[in-house]
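The same chain A turns up in both complexes below, where it pairs with chain B and then with chain C.
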Partner chain A sequence: MPLFPFFLRYFRRKKNEDTLHFKNIKRIDTLKVITSPAIIFVLLLFVWMLTVYFYNALPAFIREGLEVYFRNTWQAAEEASKEYYGLAAPIWGTIYTSIIAILIALPISIADSVFVVDYAPKKVKNFFIIISDMMAGLPTIIYGIWGAFVLVPFLQKYVMMPLYKHLSFIPIFSSPPITGYSYFSAGILLGIMVTPFASAIIREAYQMVPFTYREATLSLGLTRYEATKILLGYIKPAIFSGAILAFGRAVGETVAVSLVIGNTFNLSIGLFAPGYTISSLIANQFGNAFIYKHMLPALYAGGLALFIIGLIVNVVGLYLLKRWQKNVEI
Partner chain B sequence: MSKYAIETKNLKIYYADNEIIKGINLKIPENTIFALMGPSGCGKSTLLRAFNRLLELNKDARIEGEVLIFGKNIYADDVNPISIRREIGMVFQYPNPFPHLAIYDNVAIGLKLNHLVRNKEEMDKRVRWALEKSSLWDEVKDRLREYPASLSGGQKQRLVIARALALKPKILLMDEPTANIDPLGTKNIEKLLFELKRDYTIILVTHEPAQAARISDYVGFLYLGKLIEVGLTKDIFEKPKSELTEKYVTGVLV
Partner chain C sequence: MSRYKTRKGKEVVFLVAMAILTFVGILPLFHIIVTVFTEGLPVIAERGFTFLTGTLSNGGIGPAIAGTFILMFLSSLIGLPVALLVGIYAYEYPNSLIGRWTKTLLQIMLEFPTILVGVFVMNIVAIPMGTYSGFAGAFALAVILMPYVAVYTQEAMRQIPFTYREASFGLGLSRIKIISRILVPLSKRGILTGVLIGMAKVAGETAPLLFTVGGLYQSYPTSITKPIGAIPLLIYTLIQSPSNADHAMAWGASLVLLLIFLLIFIPVRASLKEVRL
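Then we have the complex of A and B:
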């Protein structure tokens, strides 16, 4: 048992730590023994999930190769040999809607942060922050139902229709908004949903700008607007990471999106065309995936793609945020 | 035009309900270094920020009385604080060049946003002038595009001085500019201030009586929000009238 002594050594109290005031202190740190499995559990779970996804997606990779990600065919057939699953449309839909979401969420959260930090009176300020944080924590189905019954009809009637009518020569406005369920609706809804996340990060960063820089901008005889622009430049990395983390959330959002995107295997740049996202695809197809021989691995492959996108996006976002926070400390 | 750069008339400053500055009458002549000294918390920085209306950043601050800059009351109703701040440069206790802007841009930003220069050539000239004036040019001329992080504390502080000078102010407010600088950097900055006083009126806040003695022409001693004594530096340090001042300059009172 060569491992055992290692563990014992790991869990032993360090010299001089807590031992000064106690004579008969135990040599093993019990609290350390109790708490350390938690982190091991999290790590194991991470490795386990990644393995499970990869292992289960493997048949799809073997059968179709990487085309499972790059082809837009979704052919469920009773005869197993005719089945073919390509995820190009949902992957495109995921990225497209998330980008729309960020384009909407970013300006709103920046404006929101500047207002809350610089202008809002103290009492209202906390109220705004609480509301915003609460919106971030609402169950997403609440957004989904509101989106499907209120937002989509509104957008279709007052935004999509006029844009299509007058500007349909522009490629992104060229698809007719027949039902209103579309990339556009999903993107707007996602934008509304991730705004609280992005603004939480940007607001914190904007609040952390040392007071001396605020004084410096104003001492140069700049207007509030010019000063704010400089300070926003100063927190640019934090804004960027806020955008990336919000993108990560938008990519993963499932129920609300599946209610408003139209769930169609479509690969279009037209904003008003219905589409699919990976997560809404998995949620919709999971129930009947067992009927078909090859569908489940394809769904796992989709899950793996999401896993990896989410991983990269979050790691990059958090890394940038940490690096910026370190730079800000005077 | 008054011959005083700054004149205050019964100036009182409150934070919420606390009276921080308790009625100050002060006259600061042009082209001198006026040192404002006093122990920590006596209101030096607060008083300094009343001279360029930077105090208004703090929502709790309230001001009574008058501050005249070259004879003009800057707290009159029709005065725009932004135009006041353009004429008064400020240097802070912590060297605070904008870390996300290159050295060149740190000096240029005020000029650019205030539309004080017409073209790139003029801008280059003015940036160079400001950096030369703050005797930093020789040290940074080859790395104008680098970020200020690569500069030492003293260099950063001179960059901030250049940033202020670029707007060609008439008055320079300095809030303990050497408090966070090493001795060599401090020496350089003091030498620089000595040269600058030919063209500018400098108000120097310091908590070091020795610094005031070294470089200032006039000294005001501020204690608990009151101006205890004002006069020529020589007089204050050699024959102070007030017992408090004597205690402070001899280091008994901290």
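Then we have the complex of A and C:
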């Protein structure tokens, strides 16, 4: 019987091993046991969320196909067969307002970062950082009430009206600013709101520029403009990811935008026309969507689009930022 | 010589443009704070104490204030334990696959559209329960609070010099003892900062409450399984009403909300060099 001695040897060797090494070298990690449920919960929550959106949006995809994202009709009707929902206008509004926001936030946050890092004395520097943090944390509804009651009337009177009067032959200025609630107002307000986020990323990156580079620019006898231009070139990837992450914030902003954008289904390039964004559409229509037969899935489809845009934008932005930080550290 | 002049000229233009842009960048905050005070203070002064304690029909926002504090407390109760455990995990196993996933996920959740959390929680809590409730709102807010606290916990623990860890391992302590007896106590200030920042965020959130709490402004909340109010949500509702009296109420409520925010934010800021929200 050759098998039997083999088994015996196997067990014996195992026994020897046990006596040779520390017995509990591979013991159970209690910390992992305690923390794992929380991790599993969070990961599951995220997957669950994606599932909920996908599952609830499915009827819209089955009924309308991908056209739900590309058609610009929003027809709520008592008769279920006449209902048709297309999200082209809100998607356009979301992207349009967010791009305006980035165009405003980027120059301001770059200027702010350069000023804070290069020129401000220490006390002023701290003051600016506090201001920036405060703007980032301020409840969005306060931006909303200020935007609706202060910013919109101001912009309508002093910015939109003159531009429309004198430059209405340019297509983007061609729609009349009747109420002031428009893509433009929403874009400006979003720009103000996302500036601190872009600022924080760009400032941090600008601070990380190795000191030898600063010395080198000074030793060449460059003016401050030329030196800053070169140093900003060094952090270009960080600026780019700052812009992407700020774009992500702008896309997801809800209440402040819904108070200033005018909430109208509109697909227009005119800056002063009222519009919709996906998040303001959900905020506005979700409450009464239960009355209609097919509206809810369409709104979930909008939510899914927002989910996926948010996911992609954030992953790309974070990835680029991390890659750049690694390059600098080495 | 003229080449030098154009270079110098460019520099001047650049500096001026930068100063203007920086100034424009911080201007809105001051304007917002000043406007909220000038519009809100008369409303509160006129109604006096009733504004803070009365119900909506009496011209007060008492139930909303109570609701906001209840929601803050409940969401911390739900969110904090999970957040601390997740933060500890992300610190302790940063290079494992799940550890890396968790860190990325936390960053994504920080930036995530909050309205999506609101609709999701409505779907999994409010609809099965058949009613809007304080619990649903607190759950949605807990999902928002969690990443802030977790990220701050992880960062605070990472700041502790590695020698402490080595020394603890040298003493033969187990991982769990090192975390609970050495690292958490050492980083408690950073963790507390994260908790406060999360709560400041939660106090001001509107979107996740839209479809979860329902709103209750004519009487004080009695149960967490029934609808409840919150200051941001009340402001949002009041702004959309056409009446000027409601707008005045909204400004007053905004001032209260701003003060709550500052009350949390200023001590945090005073104890810390830089806050990321």
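The rule is short, and it goes like this: the second predicted complex is superposed on the first by the 302 of 330 C-alpha atoms of A that agree within 3 Å, B and C clash if a C-alpha of one lies under 4 Å from a C-alpha of the other, contacts with A are read in each partner's own complex, and residues count from 1 in each chain.
In this section, a residue touches a chain if its C-beta (ideal position, glycine included) is under 8 Å from a C-beta of that chain, and two chains touch if they have at least 3 such contacts.
Bear in mind the structure is a predicted one, so any value in this text is a computation, not a measurement.
In the superposed pair of complexes, A:F240 makes contact with neither chain B nor chain C. When both complexes are overlaid on chain A, the residue A:Y84 reaches neither chain B nor chain C. In the superposed model, A:A216 lies in contact with chain B only, and not with chain C. When the shared chain is aligned, no partner comes close enough to touch A:F54: not chain B, not chain C. Of the two partner chains placed around the shared chain by superposition, neither chain B nor chain C is touched by A:Y292. Contacts of A:I230 after superposition on the shared chain: chain B is touched, whereas chain C is not.
Ranking chain B and chain C by residues of chain A touched puts C first. In the superposition on chain A, the residues of chain A contacted by chain B and by chain C overlap at 223, 226. Note for the complex: chain B touches chain A at residues 52, 54, 57, 82-90, 92-94, 96, 98-101, 109-110, 113-114, 160, 163-164, 167.
For chain A in complex with chain B, the touching residues are 210, 212-216, 218-223, 226, 230, 233-234, 236, 327, 330. Residues 7-8, 10-11, 13-15, 17-19, 21-22, 24-26, 28-29, 31-32, 35-36, 39, 81-82, 85-86, 88-89, 92-93, 98, 101-102, 104-105, 107-109, 111-117, 119-120, 123-124, 143, 146, 174-176, 179, 197, 200-201, 203-207, 210-211, 232, 235-236, 239-240, 247, 250-251, 254, 257-258, 261, 265, 269, 274-277 of chain C are the ones touching chain A in the complex. Residues 29-32, 34-39, 41-43, 45-46, 48-49, 52-53, 56, 107-109, 111-112, 114-115, 128-146, 148-150, 192, 195-196, 199-200, 223-226, 228, 245, 248-249, 251-255, 259, 279, 282-283, 286-287, 300, 303, 306-307, 310-311, 314-315, 318 of chain A are the ones that touch chain C when the two sit in their complex.
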